[in-house]
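Quick heads-up: structures coming right below.
Two complexes are shown next, each including subunit A; its partner changes from subunit B in the first to subunit C in the second.
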Partner chain A sequence: MHWLSKKRYKIGLTIPTILVYSVYIILPILIAVRYSFSKYSGLGKPKFVGWKNYIRLFHDPLFWSSFKNTMIMFILAFALLMVLAFLVALLLNQRLVGVDFCKALIYSPAIIAPIIVGIIWVYILDPNIGFLNGLLDRIGLSALKQKWIGGNTLTPYSIAVIYFWQQLGYLVTIFIAGLKMIPGEILEAADIDGARPAQKVMYVVIPMMKTTISNVAVLIITGVFKIFEIVLQTTGGGPNHVSDSLVTYSYSMTFSSSDYGYGMSLATITFIVSLLITGIYMAIFRDKEKKE
Partner chain B sequence: MNKKRKVFSYILMILITFLCVFPFLWMLMLSFKSNADIVASPLSLPKGLDFSNYKNALRTLNFPRMYGNTILVCVISILIELTITFLSSFVISRMEFRSQKLRSLIYGYLILGLSISPFILLFPVYRINVFFDLRGKWGLVMPYVASSISFNTLLLTGYLKALPDEIDEAAVMDGASIWDLIVKVTLPMAKSVVATIVIFNVLYIWNEFPYASVMLRDASDYTLSMGASFFKGTYTVDYGGIIAMSVLIIIPELIFYGLFQKNIVEGMTAGAVKG
Partner chain C sequence: MKKNLVSVIVTGALAASTVATMTAAPAFADDAVTIKFGIHVANPAEQEPVTNSIVETFNKENEGKYKVEFVASDTESHSKNMKLAATDGTLPEIFWIDASEAPEYSDAGLLLDLSDFLNQNADIKTALNGMEAAFSDDNGQYGLPYQCNVQGFFYNKELFDKAGVEYPTDDTTYDQFIDMIKKLKESGVTPLAIGSKNSGFAMWEFNEFLSRYGWAENIDKYKSGETPFNNDDLAACFDKVSGIAEAGAFPDNMATIEYFDAKQLFDNGSAAMFGTGQWDCAEFDENLGDKVGFWWGPKFEDSAYDQNIDMKVPSAPIVVSAAAADDDKKLEAVYEFLKFYYGKEAAGISYAGSIFPSTNYDGLSASDSQYAMNSMITALGNGWKTPSAAPDQTLSAAVQEQLYDSLFGVMQGTYSSADALDKMDQAKANE
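Showing the complex of A and B:
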């Protein structure tokens, strides 16, 4: 091997990857940040405007409402997925007939195009033609009918539920992989000590799954900041941007309003917020681990 | 007591599975209802096996073209990304470095992409494509190749690192050149991880929408997900047609999933469990 580890081989074989990656992943971030300090409508040259876009953003009620929507989506999806994916993983980690088949079915929403996920759920949540309101009508609970999507308040909650459906099987699989890594002797020891199932989960399983839980948390955080097609298909951010998330608002400012500079400042802030939440989570988690 | 718990587990498992599958069943059912029935009585069952929604969908969208575009972009992107990331991962994981720092620096740099959201990249990538005069569906290839680099590097280096060194040494003793070593010795041993990467990236490109929505202007360039998003762009919403179209797009995906379930799940969880 030593003979073949020549410098020119090493450079020649890595350069294509590094080049493509630098031009299409790293450079665009720098370009985005640069545009975020300029005004540009697609014609002529971008004009440097300093912090103006960021000042505008902090005074833009639509930015704050899309920020709020994103946080609602994040908190609800995080709570639902963390708790329920873990419980479903405990359930499906048992030896049951047909469990692999059920796992495969629960997983399937994660592999279909997100754009189709959005379409499917329109037919369930739409206030007029959707299954849910139809069902409420049928069972005499018309009073509970809501504008699940497209109204003024509920859309981000509904998006979180759709996202939950899409991600459940995926995260269950990751949790099961974590459960399988717990040595059997430890669980047996807990049984011998007379631990009840709930105690076993609380004091043995969860502490031993820290890494998996942390991985899942990071996946949910980064995942929520990639929700795009679902919002686009269900409401398109409407009416009047009230259901926009940070991602869809920055997308529509950039590509529908052709306000590229402002759009890029929104994209930059969105990116920073998602990194911050991941960072804060990691900091808290790492801290805890050290103390124990 | 134990038996009670088992019965309870079965009931719960079936209930949860049904709830997860229900939206699929619902869309399949709706696809056989007329547009008027979908609007007027959402809960009613279809009157029979009426395929007119499918006919409408096939008439409105140019499915052969959309499938053709998607497959073309898929094949070209994956050929490029596999070639370049296999070579670079070979260097990172198998070759000698005098400075281990340099090795981990290159690795770390290439892995960074896993935490970068595509949405900050869309407009700049569009500009870069315009600069290189890459338009329409050809503008999708480089972004897709680039998006795969972090994931491929993670999987390939992890796998190649675990192969024993003696194999390389024996090959070199026999007078193998660097190309012989990579193509004839290492690549055949990495078949399974390459399969996972290909399948995972087919799925990614098949489903990808944000880049497609930015790069594709001409309907003749539309990929599947892009075509899907445009169906409702008429005056009256053709609910029946939209749902039939969705079924037509999902079915090949579900078949693909059925065939390669192991690789797909492996690919999707690999990044999560290791990273």
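Showing the complex of A and C:
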């Protein structure tokens, strides 16, 4: 295998990947950025309008409302997934009866198409026909009934919970893979030193799983900024865009209003925000690693 | 050795299948000129059965000569697909397009001027009776009406009887409508089924409201910017929509249900009224039979505009790609299909499927068992005037989308009338 380590072969082997990545990832992003500086209905030639779309965007209350919704979804989904996926992974990493069945059960939502996930949750959260309000009625807690979806407030929180439900199994699997990588001798040594389970997790497991945790964090950040089908299926972004995320609002402007230029400016901002959050997280994470 | 054996078997199988395909091909050879018809539903046989029947009949009668194939996808995907096809020059020869988008296609030179077709077929021009005028501009006749839309309120007579409410008439006023809603609500049914999720377009019954507040008289001023959308007439109109919501007309979960879910509420007898058009007649015949009635909507006593208005308007157009003219055989096939589509035989198929065709031919009518369509025909018997186009179809895509959003915003209490109309002005300013 010596020949593979030569520089020219390394370059040769990475060129196809770079080409595919450039054509299917980089180029569309550049095209979207270009359109974001134009007035374009999807037909004819785009008309260059400079920063007009971006100026409009910062004065658009619906942009800020969809930005707020996206951040609510992000903070809630991030907190729930990082903590609970890790704890569930710790639990499922034990040799317990029925653990394989539980793994399959927890993973199962991850294989359901997001559009179907949305339909399932409509039947749970719909204020009129939903299971949840029906249950509250039956157990005499009608006062707690809410417009979980379709109202003016709760939809982004509900979307975050749905996303959590859908992603939990997938992220648990990644965490379990990370836990399996920790050498047994190190954990045994901690046991011999008298570490309690919580101390083992805090001072051995978490430090040794930093790369896995970092990868999971990036997956959540990028995933939340792509939530689309769940919003579309539960509320369609309504009523009146109050439950739109940045992605669904961008989609609505682009395709329903045929305002491609403005839609692309929203898409560009979404891309920059997710890039920034990922970048900030990675910078903090690396900074901590260096200090240690 | 094993690998070689597998390779030989796989290669042999591939070669055999290729030969089989090649030898089988002549059996399916068809010299018919094929034209594509881009349609806005994913399953034409189920969702547009009349158009599907017209195409099937045409294909059968022209076997070996012309053939029409659907390019089908749901409305939103269809709109996107047509724009993509327009950019890479692969538009179907004929396609349905929303009226708000068609002028853009026309301006971009993508559509064939159908004036020649109409001049060559004077009988069709006569049968269209001016309905084609909605789809002409400086570039010519860029489209022809796909169908004729008759829009308003369908109601369930049985639920009205149970609630002790009289059926609405041509003279029912807005205040009486509000009383009607309250009594229906008290009887335990949803007075007016409507869903806003991904269904902004499903506001047909409110086109009548807009018309009775002078839409047709003022639309040119709105479009030119001379009069803002936020004016006294439209504010009064939107206030009426708000009043209906306050009276409890709509389902509590209208934000999470779609047009199809709302229609289901009407079909299964949970809702007393449903706003839609003739395309749902066959479904209502099946589910409600002779219990179904049709009404144009309330009259507004505070409006200075004519209240005697029906809503029988051209639906969105079907258009022909300009590229079809590059191939004489294709153009001939397109013209032949259009001749059939706007001919008497197709009009008969339309009536049989409870769809009003855009053409008028003598001797065609609905059968006695087409209750929903007959109730519309009775309503049309008042002889009132009708606008040349439905109000929502007179706007550009962005303002049309905002009109939908604004109406549903008022219905759901998200916007005041003034906010809703300001947003329309803002959408107009952003164009």
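In this section, the second predicted complex is superposed on the first by the 264 of 292 C-alpha atoms of A that agree within 3 Å, B and C clash if a C-alpha of one lies under 4 Å from a C-alpha of the other, contacts with A are read in each partner's own complex, and residues count from 1 in each chain.
By definition in this document, contacts are C-beta pairs under 8 Å (C-beta built on N, C-alpha and C of every residue); 3 or more make two chains touch, one makes a residue touch a chain.
Please read all numbers here as calculations on a predicted model, not as lab measurements.
Once the two complexes are laid over each other on the shared chain, residue contacts for A:255 go to subunit B and to subunit C alike. Between subunit B and subunit C, B touches the greater number of residues of subunit A.
By the touch criterion defined above, A:141 lies against neither subunit B nor subunit C after alignment on the C-alpha atoms of chain A. Contact with subunit B, but none with subunit C, is seen for A:27 once the two complexes are overlaid on the shared chain.
Of the two partner chains placed by the overlay, neither subunit B nor subunit C lies in contact with A:79. Looking at the shared chain after the overlay, A:239 reaches subunit C, while subunit B stays out of its contact range.
Contact with both subunit B and subunit C is seen for A:129 once the two complexes are overlaid on the shared chain. Contacts of A:206 after superposition on the shared chain: neither subunit B nor subunit C is touched.
Contact with neither subunit B nor subunit C is seen for A:55 once the two complexes are overlaid on the shared chain.
In the superposition on chain A, the residues of subunit A contacting both subunit B and subunit C are 128-129, 232, 255. Within the complex, the subunit B residues that touch subunit A are 6, 9-10, 12-14, 16-17, 20-21, 23-24, 26-27, 30, 38-39, 41-43, 83-85, 87-88, 90-92, 94-97, 106, 109-110, 112-113, 115-125, 127-128, 142-143, 145-147, 149-150, 153, 165, 168-169, 172, 178, 181, 203, 206-207, 209-210, 213-214, 224-225, 228-229, 239, 242-243, 246, 249-250, 253-254, 257, 261, 264-265, 268-269, 272-273, 275.
Considering their complex, residues 41-44, 56, 122, 126-129, 147, 149-152, 232, 234-236, 238-242, 252, 255-259, 262 of subunit A touch subunit C. If you check the complex, the residues on subunit A that touch subunit B are 1-5, 9-10, 13-14, 16-18, 20-21, 23-29, 31-32, 35, 88, 91-92, 94, 96, 98-99, 102, 104-116, 119-121, 123-124, 128-131, 133-135, 137-138, 165, 168-170, 173-174, 177-178, 212, 215-216, 219, 222, 225-226, 228-229, 232-233, 247, 250-251, 254-255, 260, 263-264, 267-268, 270-271, 274-275, 278.
Contact residues on subunit C toward subunit A in their complex (touch as defined above): 76, 79-80, 83, 86-87, 101, 104-105, 107-108, 110, 196-200, 251-258, 397-398, 401-402, 405, 408-409, 412, 414-415, 427, 430.
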